[in-house]
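This is the structure, below, for whatever I ask next.
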Amino acid sequence: MKYWHIILIRAAILALVLGAWELAPRWGLVNPMLLPPLSDVLVTLQIQLARPTVQEAILITALEVIVAFIIAVPIGAAAGVAIAEFPYAGAIFKPMLFYVFSIPKSIFLPMFILIFGIGFQQKVAYAAFTTAFVVLMSATAAVESVKSDYILVARSFGATPLQILRRVYVPSMMPVLLETLRISMIFNFTGVMIAEMYASRTGIGHLISNWGENFQMPQLFAGVIMLSVVAIAFNETVRYLEARCSTWRT
Amino acid sequence: MQYVADLNAAKTTGAAIEIDRVSHVYAGPEGGVPALSNVSMKVGAGRFIVIVGPSGCGKTSLLMMMAGLRDHTEGRIDVHGAPMPKPDPERVGVIFQEASLFPWLTTFDNIEFPLSLRGMSKDERRRKSQPMLQLVGLTGFGERYPHELSGGMKQRVSIARGLVQDPPVLLMDEPFAALDEQTRMTMGHELLRIWETTNKTVVFITHSLTEAVYLADEVYVMSPRPGRMIDHIMVDLPRPRTYEMMATDTFGRMRDRIWQQIRKSH
Amino acid sequence: MRRPDPKIVRWGILIALLVAWEVVPLTGLLPELFLPRLSKTLNVLWIDLDKYWNALLVTLYEVVLAMVIACGFGILAGTTIGGIAVLRDLLLPVFSSLYAIPIVILYPIFTAWFGIGSESKIMFAGIYGFFPVMLSTAAGIRTIDPQFLLAARSMGATVFQQITKVIIPASLPTVFGGLRIGGALAIIGVVVAEMLTASAGIGYLVTLNRTILDSPRVFAGILCILVLSVAYDIIARRLERRMVVWQSAGRRQQQTSPRPVSQGAPAPAAA
């Protein structure tokens, strides 16, 4: 199949889904109270985006996402590199991390609320907490993905540890690093959303949760569309960069 | 026509495989790609045939056609008097380059795999696989999984699997290519021993000229794509073959002739 | 000096954590509102054992049904998409893109559609677990060595035999990995959903006691979920290892290193 064929068929599928969303409620195939037609949702989205409360909520959510990310990445990365570089630490902690992984982090939300209240700090702290684990795991994998052969070659040519870091680790980890950041950001975003939906007075997650409780379906769907578009746009941008960075890696 | 003369001289005690003017064209994205061009050969029953040729000359394709695993556009391929429109393990056993043992099966279960496809009972299967295991020198390894075996051992299992249904013809596609040089020599020697005790017709593909001359009764040389037969050499070294023969002039001359043919064809 | 066995160190850390849980609130470093003593937590758990047991049964019921949905549809969709080249090229990248959406934002829609009872949790957690199962099944089918199929055909295997004797066993390790992660996500999905909007289940108990600031009962709920998810992980891993015995040697190394996040491989959950 040619490339543009794939694009064309995907566009057709998208059009079909969106068309069904518009027409099924209009024709009474589904209850428009439960699934408002797409056009109604889009109109609602436009109205909502113009409201100052919504704009403020977006700003706060964005800020929480960014701050949490900035806190989580260095902590997670440092721990991850330590586990990858010190075999003894790895032998101790790696098996534990598997269990940590399968635990729903959200059960710790009440602790964060008890300690930080339900403000900005609590959301940032919880999101950073969940994200740090993901960064840690990915960073370990990223460091371990550097072939020891390369390091051996570099050392045989007399490279200093700093040179090995700059000339071997960084370039050969580049594509994995971007992937790490991308996946961490997805989880970071999820973390902020859960925290906001669970207990909050502001933020997009809080609005979505409210709209759901008050059965304001057009607003709810508008919020879901907006967040999905942002998440997908971010994801695709980084994936595009990943693809460009990894052309030499076949 | 040296090639035709050699072909007539072949001691054909009754052909196990007859390939008559086979050509094949692949459907590529920009039209047909000719892969094989007018290939003919006649393999006598019980003979050990080796096909050599540069990479991509279509020798593997030819082998897959003999095995009934691939179609050809023109010509005729008969194995024991009948064409091979689909694989027939009663007539032909195939041994692949990577041992291609199923990692989820033990040695016994791997060898018995073709029998289990026929719904044979477990006892009967074991009765047939046990002597095969012994034949390839792996007695006691029946319950091991492939990841517990060395590369050479895996190929032995693969040979046992190819022999278990006692097909008269064995097709081998560079079976020892992934092995190191020493194991490869040992395996070649082992294969000759197995061949001599079982009286199979073997068609063997390789890149190694030494291996070709050491193993073969007859060597066929193929040209680069589209593959044609450009030479046919009768290896008249006595059997059983010994490692010392490799140092002889006759051996060297034959290896040299094959090398010249391959080089010229480029 | 010889370093102690990592396994012993791990047990040491676990015991130290439990001891700290008991001692730190006693010393007053953390108020008991933030961290009630372990003994107090266990005590309320014992007093309310019936309540927690019933809540756990509700949660388990939802988790099992969510797993059935996630695994059933995940394997079905993964086989279809992984097995048919056209669908694979067309849809796999789309699913990878959709994976970026924080699924939790869909939960209010589910409660609006299915109510705040078990149905909304089952559906939500089912979707939560669906993606990794689907993606790893597709990967498992796609990465089967074509040599295996060629060898099976050369031995006269029919199409049906190729599926049952080659494709299914060859894809089992990847599929099992996906099932394990999918199951873990189903637990996470149910717990998150119960915490957000519910009228029953462990997650609901945690939230209920949080709003009335009854910390020991919050931590009792947390303890239940910790035990549930760790127990699930141990059982799932053991089952996986038993089912794919033939892989155990090759994977022993992988098991000690975290699953690398790469090429559309299902990433684990942060929730």
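To keep things simple, chains are lettered A, B and C as they appear, and every chain counts its residues starting from 1.
What we mean here is this: a residue touches a chain if its C-beta (ideal position, glycine included) is under 8 Å from a C-beta of that chain, and two chains touch if they have at least 3 such contacts.
Because the structure is a prediction, the values reported are computed rather than measured.
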{"item": "Central subunit by CA centre of mass proxy", "value": "C"}
{"item": "From chain C, the most remote chain by mean C-alpha position", "value": "B"}
{"item": "Distance from the mean Cα position of chain C to that of chain B, given in whole angstrom", "value": "49"}
{"item": "Separation of chain A from chain B, taking each centre as the mean of its C-alpha atoms, in whole Å", "value": "54"}
{"item": "Averaged-CA centre spacing for the pair chain C and chain A, given as whole angstrom", "value": "18"}
{"item": "Contacting residues of chain A [partner chain C, same complex]", "value": "1, 6, 9-10, 13, 34, 88, 90-92, 94-99, 101-111, 113-115, 130-131, 133-134, 137-138, 140-141, 144-145, 176, 179-180, 183, 186-191, 193-194, 197-198, 205, 208-209, 211-213, 215, 217, 220-221, 223-224, 227-228, 231-232, 234-236"}
{"item": "Contacting residues of chain C [partner chain B, same complex]", "value": "145, 147-148, 150-158, 161, 165-166, 169-170, 172, 244-247, 249-250"}
{"item": "Chain B residues touching chain C - in the complex, by the definition given at the top", "value": "67-69, 86-89, 92-94, 96, 98, 100, 102-105, 113-114, 116-118, 145-148, 161"}
{"item": "Chain C residues touching chain A - in the complex, by the definition given at the top", "value": "3, 6, 9-10, 13, 33-35, 86, 89-90, 94, 97-109, 111-113, 184, 187-188, 191-192, 195-197, 203, 206-207, 210, 213, 215, 218, 221-222, 225-226, 229-230, 232-233, 237, 256-262, 267-271"}
